[in-house]
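Consider the two complexes below, in which subunit A is the common component and subunit B and subunit C are the respective partners.
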Partner chain A sequence: MLNRISLMILGGTLLLAAPVFAVEPTGLAIMQLVDTRDDGDDLIQKMQQRLIDRHGSVREREMASFRKDYGKDSKSITYFLAPSNVRDTALLTWDYDGVEKDDDQWLYLPALKKVRRISSSDRGDYFMGTDFTFEDIKQTPELEDYNWTLTGSESMQDQDVWVVEGVPKTEDLKKNLGYSKTRYYIRKDIHMFIRVVYWDRKGQELKHRLSDKISQIDGIWTVLHGTMTNIQSGHSTELIFTDQRYNTGLSDRMFSERMLKRGYRENE
Partner chain B sequence: MKRWLMPALAGLLQLPTAAVAIEWTLHGALKNETAYFIAGEKRLDKLQSRLDLKPEAILSDRWEFRGRVLGWYDAAMDIEPTNNRDLTPGIKQHYRTYLQSKEAYLLYGGDAFDFRIGQQQMVWGKTDGLRMLDIINPLDMREFILDDFLDSRIGLWSARLNWYADIGGSQHEFEFIVIPDARAGEFAPTGSRWAYAMPVAPAGAALAVQAGRKPGWRAADTEAGIAWRSNIAGWDLSLNWLYGWKDSPNMQKNLTPGLLTLTPVYQRMNTVGGSFSNAFGPMVLRGELAVNIGEGINKTGTTPLTSVGRKTTVNAAFGVDYTKNNWRISPQLFIRHLPGRDTTIAEDQTSGFVSLMISTDYMNEKLKPEVIGLYDWAGGSWMLRPKLAYEFSDQIMARLGADLFGGSTGFFGQFDKNDRVYTEVEYTF
Partner chain C sequence: MKKLFNWLLSHPKSVLLLLLLVTVLAISQMRHLHIETDLDAMLPKQSDAYINKQVLESRFGSADMVIIGIINNSKDGVYNTHSLALVKELTNWLELQPMFRTLALNDLLSLATIKDIRGSDAGLDVEKFMDDVPATAAEIDHLQQRMHQFAVYEDVIVSGDGKGTIIVVRPMRHKYAEIYDLLQAKVAELEARGGPERFLVSGRPVIEGVFGAYMPAEMKRMQPLLMGLLVLLLFLSFRTPRGVLLPMAVVLMAEIWTLGTMAALGAPMYTITTMLPILILAIGIADAVHFLSRERLLAHYQAYAHHRERLTEVMHELWKPMLMTSVTTGAGFLSMLASDLPPIRDFGMFAAIGIVYALLITMLLLPASLMLLPERPKHAERKPLFTGYVEWLGGAVLRHPKRIMAFFAALLVVAIFGLMKLDVNASLVEQFKPDDKLRQADETLNRHFAGTTSLDVMIDTGRENGLLEPQFLQHLAALQAEIEKSPSVGDTSSIAEFLQTMNQAMHGDDPAWRRVPASSDLAAQYLLLYSFSGAPDDFETFITGDYRHAHVRINMKTDATKEVAALLAQLKDKTEVWFPADKGYKVEWAGTGFTVYRLSQMIIEGQIASLATSILAIFLLCWWMFGRLLIAAIAMIPVSLAVTVNYGMMGNLGIPLDIATALTGAMALGIGVDFAIHYLHRYHEESSAGHSYEESVINTNRSVGHAILFNTFVVVGGFLVLLTAALYPQMKLGALIAATMVICYLATCYLFPVLLGLGKSKLKV
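So, the complex of A and B:
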């Protein structure tokens, strides 16, 4: 009898408590929401990079990028438009989902007039002098590479956010990615991260990433302004995104060696 | 430049004006290149003020124009005193000024093809520093191979069609090239410090060099090429064929009592080859093969018939690019083999080079150190090229470097007395 009453009380408690625990998904589930949020089937946009060193000296670059999804894989091509010393350089990436297959990457160097196959395995390498590594410029990190943990919820930029920490699963991955830990602040309403903190391989806080201007374009939530600051070196990279066009039906031929060599055309 | 081509191009450029506003852009660079010889007779090698202009125009939805003009004035030729060895009035005149169109072509971008007509640079192959399959455009070797290939390639008036087809689920590219403007390479003037070593006349004999018949703008001299490219199972592959001219002449000898006469002989050859590259983890493997069928070669004889011949040569290169922690390490191996060589041929049956490039960057790519070494293992000579580049701003870049040579003979050893240090300051716009 006592057991039956105890079970009833326990059951009632669980029923009352259930809504409280069930609303918080796991860290991995949240990152999967980030990974699968609607970002359009294809995207054309322009990007301005401002590379600012600790003395305040600024270098600026302008780029145009094209991306198209192929199921869980995607292809992208980025053209450097300015300054003149990097103009016509172009990067083609075939980004494969998962970790079984390295991405394929080709770089067109106008000074050589050649398309070079480049290795994409060292994801911790920095991209063209910015504070973003090749891993950082992906839309989301490879989820399989990290153990994800939800560490809490808080309010940031007047929004409710989940705080999710990702720790690379192996020492080799830590070396490859250049990080021992990452912490993502993810808006609960639109499943976008608005702040990321990175720790270097030695466990020292390394970089802060902030997406401080987000807007809906063609019904898709889009980052318009972001900054990555290396707090160890004092160098930062500011990104300004403009002229977004989603779902224009980009042709497959955009993402080819031919277009790397042809260069950027406004009306593609 | 051919007389009828420029008006034709100019006419084509005018065509779209009635219907569409042409959008012109002009980019380029102002650059100072200063080099000083630190071996042999120490003196200024060059003090060049260079202007590099790249006009481009979008003529319509389909048509574009792309051009490039390079020119300079070398003040070293007026600062250094004239002599009768390596700075004769003729040599100074050769080096003092330079003005050439490097590219001037129209591009038509179709849905499944690109067509280019005009003066072009066309690059084949996967290797760096030395050329095996990259043989379409000859080089201006006024500074040996130290100039960037982009600057030393001689633009050729040509037509090129690149056709793209989806076959079996993968993209294939077919390239067709016709070059009526056949050209030979340009070399440093005889007697100058970058001139190739000439054959030595026997004791008591004088040496005379005659002008040879260079390939030119003649129907019989036309060059043609075909290439195929694709990515198959992750491999970037190409097959290439060029019916062209060997860029450098062979020296036909005629020894008569008291006189050795040399006549440069330019010869046709077919080049058949291919290239590959693929990435494996942190490494990229790349290579190319070029079989020159009927390549002109030098022989040991001293008569016109016995001093020059033809042979099939096999040229192969294999390279690795290893990238890790912001360091790039690229070793390459180049091999040249003459199957069935006999002792009358004036080169080793197997020769070649190894090269190593190491580079990295600091300060968010503001500071870029790099070193390239090449070793001629058949001739026992070498070249070492350390370089440090610093980007002051988006527009201003400075470089400090050296070109060092070792060995007494061989491809690099002949320039053992030409070690030099240099600076470059470049403003791009």
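So, the complex of A and C:
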């Protein structure tokens, strides 16, 4: 009885207090929503990379990738399918959360028939010769390295978005990341960013990122098509993702040197 | 004609007003003038050097890099914490400058950005040589050792003796002079801290930028100097304010009109065309001086009582020789249109236009002003300076014909001897004086490192993935080895070298594996592997994305065209064997070394064509004017002799034909022939009037000797002013034309009378 009364009181208070809850969350809170968004425990998908230079000539690559989460860490293996001269080249990565421990990477070159461990890259280094850096390809940037500010809300691609700006906290971070400022446009309904603008260390606009095709697959919101354009060099990268399968229960053995050598099989 | 002159003299105020209006109009246009210093813009658009440079830039990105050297001559060289911290600081600063492009690794190479590729049995390490500045002796030793083992960057980024290191950075285009100023200021700031390091700034864009900025600045500085000289000479000659001011007004107006015309036509100021103002001042003054001398001589003899009649007579007497001299000088300059190079064509065309303007203004301004100015009865009594010499000359030449002939014969022999030694060589860096900061920086950098002049080979394999083939890569490596045999080459780099390093690293760093990948697939996989740690356009410098085109970059220690020509000749046979055209290969050259080589080749070929054109044109004009083939031939003698002596002198003094010196021939020809025309024209008048050979010589001397002498002083003096310039091309041009003009004067006033006296009946003109 008492409980019911107190619940009613609480409910009434909540109703009264409702306008307070309508106040926009902070920039950091929004980025945390993005960070904790469900992206499945494991994922198999195919990826097509289209590297487009400033003359418009295109280089294409196709690969199949497998990813499995281990808490905040993750392991992934990527097999190259095309072009034919790099077919069966494969990359195994053990990705550790935080910046304290360097990632582990192994590479298999079929022409040499050897696996080589390769040194990890810096966060600001470009990823596989694309316009994405290693920092960019993470699901979210390291939140504690930036000061996040919500600068407003607007409508984009017929969706309501928050506009959140992230500025690296120190000069060293700016140097490591290669950015002096970033601006994310985040969909309020599904907590995914659909557009990002990056500024270089000189304070000039550097890159534009766009996720222009998003669908729900196995209940998980997934980017199907994205582009990153370096507006200074004119180089751009298009990523096309297909054949997603979430939470298939990938085995730990998948992410080993042996599998790296064995190569890709269609029905894993 | 007389009617026209009379009309001019009856409307002096309208004439002056008209001149003033045109001048104001020209001034209003002058703000549109723009300066073009880009070396590539000086090439004709259809030239292979121009086209290849565009292809190079679009296919592989710009190859023109700015170089900053840090030299430390103390025991450990740059391998100490202080110097390395400076490298890091400067690199970091450059990354933040909007004037530089720093997107990919190849945009900014320094000890603080380059990466070491090392292999072991288990893996492959790609990491920066210097992530943090090494603090301990052990760390520094380690860095030095790795640099030595990796070898690719030794002599390129760090000198072999460790005394110096360089930072190579890609500038944004067309701000080269500003970039130099910016870097000079930064470097001065670093040097002011008092460390043992010295800083040097060079690189092709900087050299071009500074060269381009020097030329107009020097011209601005020399203009008042030349004007001062003209004022002095005019005063010594005429000793009246009007004798000074009127000719000065004529040439300044002509200069303004010419610049105004250039601006209105949208013609850019090239480094060569910056010499136009000085040229117009020095040449344009002749007409005014001839006019005033003649007017004064007539006034002196009081041949015409009335002011106006006398002016009409002067105009009537002089319009023909003045037109002729202007036309012949103009023809000398217009012959430069035979050149393929826009700056030289512009130079010739606008010089000719300026000369026509000077003639027009002389014929309008002088009579109109003299009509308006009051008669000065006294000035006629003053004798011009050098009258004594001119009078003596008339007699002296008649007394010593043999000595004069002997002198000129000896001169000719020496000149022909020198002609045989004449050499072709051009270098942009050598246009700066040896003590110039930039030249010293460039020389120091060339001594310590691979070289600051780029030469580029582009090879089209004709098919996608063609450059991955082992045989092609082997030939590419062989080409590099062949090029590096040349002592003028410091270093070469290409994708082959890079793939060899990767191959070695992937085989446990065993030097035996330092060879090109054994299969096309392996090469592709190495490139993919490298891309894991590189920016998307890191490769752009060496290969295209479809793996069809390859680029070999050559660093030369000199930009002397002779060295480039020798290297090109040496490689031609080899490239034809390694990259045969019938198998679809195509080899093209580009880069600064090639541009300068082609540029000088075109200048020299163009000069031979324009020299021939101008000799022919001037000869035909003289023939038409004097009506006799023999006299036309005689008129050509002083200039031909002077030009021969000019090139002979260059051969004897070891001055090679280059961009500036090649111009002297046609210029000297056009200017020098004026002396002969004035002389012969007067001689013709005198002998037609029934005077004997001796009388005609003496009278001719008395009449035009003074004006020719003055003319010589002005042109010689004017071009000698160029000796004060900071750059060699202007100095060489100045000295050579001045010397040529002296020969021309001597040949006209000494040799002519002797030649005219040859033959039994003495030549009648």
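By definition in this document, the second predicted complex is superposed on the first by the 243 of 268 C-alpha atoms of A that agree within 3 Å, B and C clash if a C-alpha of one lies under 4 Å from a C-alpha of the other, contacts with A are read in each partner's own complex, and residues count from 1 in each chain.
In this text, contacts are C-beta pairs under 8 Å (C-beta built on N, C-alpha and C of every residue); 3 or more make two chains touch, one makes a residue touch a chain.
The model shown is predicted, which means the values in this text are computed figures rather than measured ones.
Q: Once both complexes are superposed via subunit A, do subunit B and subunit C end up clashing or fitting?
A: clash
Q: May I ask you to decide whether A:Q204 touches subunit B, subunit C, both, or neither, giving the answer as first, second, both or neither?
A: After superposing on A, A:Q204 lies in contact with subunit C but is clear of subunit B.
Q: Can A:R258 be said to touch subunit B (first), subunit C (second), both, or neither?
A: In the superposition, A:R258 touches subunit B alone.
Q: Quick check for you: in the superposed arrangement, does A:M128 touch first (subunit B), second (subunit C), both or neither?
A: The answer is both, since A:M128 touches subunit B and subunit C.
Q: Please work out whether A:L51 is in contact with subunit B alone, subunit C alone, both, or neither, and reply first, second, both or neither.
A: Both subunit B and subunit C are touched by A:L51.
Q: A:H235 in the overlay: touching subunit B, subunit C, both, or neither? Say first, second, both or neither.
A: Both partners, subunit B and subunit C.
Q: On the A-aligned overlay, A:L91 touches which partner chain: subunit B = first, subunit C = second, or both, or neither?
A: A:L91: touches subunit C, not subunit B.
Q: Please indicate which partner A:K114 is in contact with in the superposed arrangement: first for subunit B, second for subunit C, both, or neither.
A: After superposing on A, A:K114 lies in contact with both subunit B and subunit C.
Q: State whether A:D104 touches subunit B only (first), subunit C only (second), both chains, or neither.
A: First partner only.
Q: Give one of first, second, both or neither to describe whether A:R59 is in contact with subunit B, with subunit C, with both, or with none.
A: The answer is both, since A:R59 touches subunit B and subunit C.
Q: Select, from 472-480, 562-570, 580-588 or 706-714, the region of subunit C that bumps into subunit B once both structures are placed on the shared chain.
A: Clashes occur only in 472-480.
Q: Looking at subunit A, which of its residues have contacts with both subunit B and subunit C?
A: On subunit A, the overlap between the subunit B and subunit C contacts is residues 51, 53, 57, 59, 83, 85, 105-106, 111-112, 114, 116-119, 121, 125-126, 128-131, 235.
Q: What does subunit A use to touch subunit C in their complex?
A: Of all residues in subunit A, those touching subunit C are 51, 53, 55, 57-59, 80, 83, 85-86, 89, 91, 105-107, 109-112, 114, 116-119, 121, 125-131, 175, 201-202, 204, 230, 232-233, 235, 237.
Q: In the complex formed with subunit A, which residues of subunit B make contact?
A: My answer: residues 27-29, 58, 61, 107, 109, 114, 121, 123, 126, 128, 148-150, 162, 164, 171, 173, 229, 231, 234, 236, 277-279, 281-284, 286, 321, 323-326, 361, 363-366, 391, 393-395, 397, 426, 428-429.
Q: Looking at the complex, which residues from subunit A come into contact with subunit B?
A: Its residues touching subunit B are 51, 53, 57, 59-61, 82-85, 87, 102, 104-106, 111-114, 116-122, 124-126, 128-131, 235, 253, 256-258, 262, 265, 267.
Q: Show which residues of subunit C lie in contact with subunit A when the two form their complex.
A: These residues of subunit C touch subunit A: 58, 92, 95-98, 101, 103-104, 119, 122-127, 465, 468, 506, 517, 519-522, 524-526, 528-529, 531-540, 544-546.
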